[in-house]
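Each chain carries a letter (A, B, C and D) given by its place in the written order, and its residues are counted from 1.
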Amino acid sequence: MVLSVAACSEHSVGPARTYDDFERKSRTSAAVALSSVETVRLLAETSSDGDAWGAYTNIGLSEQEDTLAEATGDFASIQPPDHRSDDLRAQLLELLDSAGDHIATVRIAARRGDLGSLEQVAAPLADDSVALQHFLDSIKR
Amino acid sequence: MKKVLGVALGVLTAIGGFVDMGDLVANAATGARFDMNLAWVVVVGVIGIVVYAEMSGRVAALCGRPVFDLVRERLGPRFGLANLLASFFINMLTLTAEIAGVALSLSLVSSVNYLFLIPFVALLVWLVCWRMSFVMMERVFGLLGLCLIVFAVAVWKIGPDWNQLLSGSTHPHVPHSETLFTYAYFGIALFGAAMTPYEVFFFSSGAVEDGWTSKDLGENKINVLVGFPLGGALSLAIMASTHLLLAPRHISVDQLSQVALPVASAVGRLGLAVVIIGIFAATFGAALETSLSAGYVVAQYLGWPWGKRDAPRTATRFHVVIMIAIFGAAVFGLSGIDPVKVTEYSIVLSAAALPLTYFPILVIANDARYVGPDHTNGRFLNAVASVYLIILLLVAIATIPLMIITKGGA
Amino acid sequence: MRISDLLEYTVHAADGTRLGKVSDARVIQDGPVLAGTQAAFRIDALVVGRGGLAERLGYIRGRVEGPWILCAFFSRLERRAQVVAVTDIARWDDEAHEIHLTADVDRARRTLEP
Amino acid sequence: MGFGGAAPGKERSMSASGAGNPARTGRVLHATLDLLDRQLRDRNGKLCGNVDDLEITRDDETGQMFVSAILCGPGILAYRMGRRRLGRWLEDANRRVHDTPRHHEPFERTRIPIVFAGEIGPMIEVAVDVDDLATHDMERWTLTHIIDHIPGSGSRAHQ
């Protein structure tokens, strides 16, 4: 029980000892990022269509921004075990940063009340999504 | 006529009251991650809760004694105490999850961070426990919970290929991106969400508070046999909505706001409003039920006066336990733990703890000294109930190892 | 003495065989309940048990009959318990928490069912 | 509270020959099965604790034994669960705090003579008043020290 309470509050990213291990962890991070990117795209689309109000969109966007930032931070803090891992790390971090920037742009626009134009603002996320999916495909077993 | 209306109201309340934070999170998350491959678990869970609730309702009506009162009597004070501690702890996790759920749903309309809303929600929950009448409380939140039907509307609006949806549900397999372990873990979460023990503590205590007698057995049966399966159908609609709209986009559900997203997208602004009212009512109703359950289990174990039908001064220690529980849950919620994670752990542990209370009820429902010779379990019910006892034991054994292997379903 | 104390006692037959620990007391509520008399709740026998939890469920003593699977399992356990008549008690050893019977093993051993 | 009570199974004259006992005519109960841990209800139908333990009287002359009282209240359950010293201490402490009876009490506050027991079924009715029992001390303390200070506790209804 104590264990479960502890588990509720932590977001553990253990150390990676081998390349495979590191690869598995980068896959998890990429999947989280993809989920965030896609959620933001759907939110933006919904808001542009007038199907959601400001408070809902704002909270939803901040949550995804936080989720992505946390995933990025966690991934960045993992020590890559070898040089091959360095490449993988650089590749994914670039994708994560790009997605983070684009989500922030959407959040800023939403806070200003530009709900109608959110879909346009969120357009660059489509590329992030594709890139993340490619990344995921490339490291699948 | 009045009787029919009463029965209808009871059924509607049972439907609306079925879904809580656990069902919302578990169904939405599995729909997005496992498509409809775990839909069968909801069916298994619903049949389980029907069996469990019918037995405990019957026992409560015939001997005036709710579930936890009987746990100590059948299992002895020592095992009963261990049982009490486990049940109380899990109930606290659930209460925390529900309070956080109410706060989250309010934050989606007010833009205020949910953490600021938690103390306010806790106070509101306590006020209702303190002042509102039992029947009123049950009806208001049960009926408002019916707003969740909008999930079914969303599924219909998305206009899926119904045959595919059905065959996806009836031909389950482990998706290749997942392991058997995560599949089983989420299965247990869904099962625990459908068959939460606090529902039964509340249900049977409520039966005693409402003064049920053998004349109410028919109504008990209808509420349970009609209300719970329809509540389960609602859960499946939640699962289908995320399966149809979120799964193709590779979205995993880890926020409550994402649960409402398919409805907003498919039904629009009004749909979003309705679903948030529904989520609010479902989580608030469940917060009340879990608060009261905290009082019920402790008071019934120790033989204290309990009940919220009469003024608080007639059951003072019972009300103090409720206050402490709500306060504790609010503090726990404020500590910044992830509400969705708390929900997941609460339902998984609920599933693991089920045999502890299910087993004594199964024995007592067969004991003529309690229910009278004419109302013991029938042969068919006993067969089904025995199968469930085995299922519950297997689930209880598997839960903790699965939790460790999958790192909490990661 | 309290029943919780009584449940600490072990029962020994006349020949010294240890029959087991007291697990229940059979009470006969005979005659009308009158104020001032204690005869109303007379203990006529002790149940000496090895059934553990099974003894609390009452599958035999309480005549619970279902469900079949539990009934078969727990009746079996409960049947291992024995009944010792109070009239067969020779002496109480309150220091060692022992009850010694006048009867030897064969006479002392009676089960819950005929 | 409208508790519907089912009549308990009355096992009269069991065919079992028992333990070499002469024919029995009374109702057969099992102390741990039918008495221990049962819910108690006072003469007004108020819940007033569980049967935490039973007092047994042993007549060393005749060798007969009787269940002489129902025990309930602070410390009794702890004693039964093997915490003998803690249980005794709690009982003593409780007795010291409440050494002056509020009105004439025919029994100790943690001890209900068995003759006060009425219907023995899923609940046991005892012909006493809940206020005379030790199980209710904390309930009363909670009332005067906590509940009465909170608005809306229904105190007016009591006047």
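Note that a contact is a pair of C-beta atoms (placed from the backbone, for glycine too) under 8 Å apart; a residue touches a chain by one contact, two chains touch by 3 or more.
Everything numeric here is computed off the predicted structure, so don't read it as measured data.
In terms of C-beta pairs in contact, the better-connected of the chain pairs B-D and B-C is B-D.
Between subunit A and subunit D, the centres computed from C-alpha atoms are 62 Å apart.
Separating the centre of subunit B from that of subunit D, both taken as means of CA atoms, is a distance of 35 Å.
Chain centres here are Cα means. That of subunit B falls 42 Å from that of subunit C. Averaged C-alpha coordinates give centres for subunit A and subunit C that are 67 Å from one another.
Under the contact definition stated at the top, the residues of subunit C that touch 2 or more other chains are 56, 58, 62-63. Residue positions of subunit A touching 2 or more other chains: none.
Touching of two or more other chains is recorded for residues 76, 368-369 of subunit B.
Pairwise chain contacts in this structure: A-B, B-C, B-D, C-D.
Against subunit A, the residues of subunit B that register as touching in their complex are 86, 89, 107-111, 245-246, 249-252, 254-255, 257-258, 260-261, 264-265, 267-269, 271-272, 276, 335-338, 341-342, 345, 349, 403, 407-408, 410. By the touch criterion given at the top, residues 53, 56-58, 62-70 of subunit C touch subunit B in their complex.
Of all residues in subunit B, only 74-76, 79, 362-363, 366-369, 376-377, 379, 382-383, 385-386, 389 touch subunit C in the complex they form.
Residues of subunit B touching subunit D in their complex: 61-65, 69, 72-73, 76-78, 80-81, 130-131, 208-209, 211-214, 302-307, 309-314, 316-317, 319-320, 368-373.
For subunit A in complex with subunit B, the touching residues are 1, 4, 7-9, 12, 28, 31-32, 34-35, 38-39, 41-43, 45-46, 49-56, 58-60, 63-64, 67, 133.
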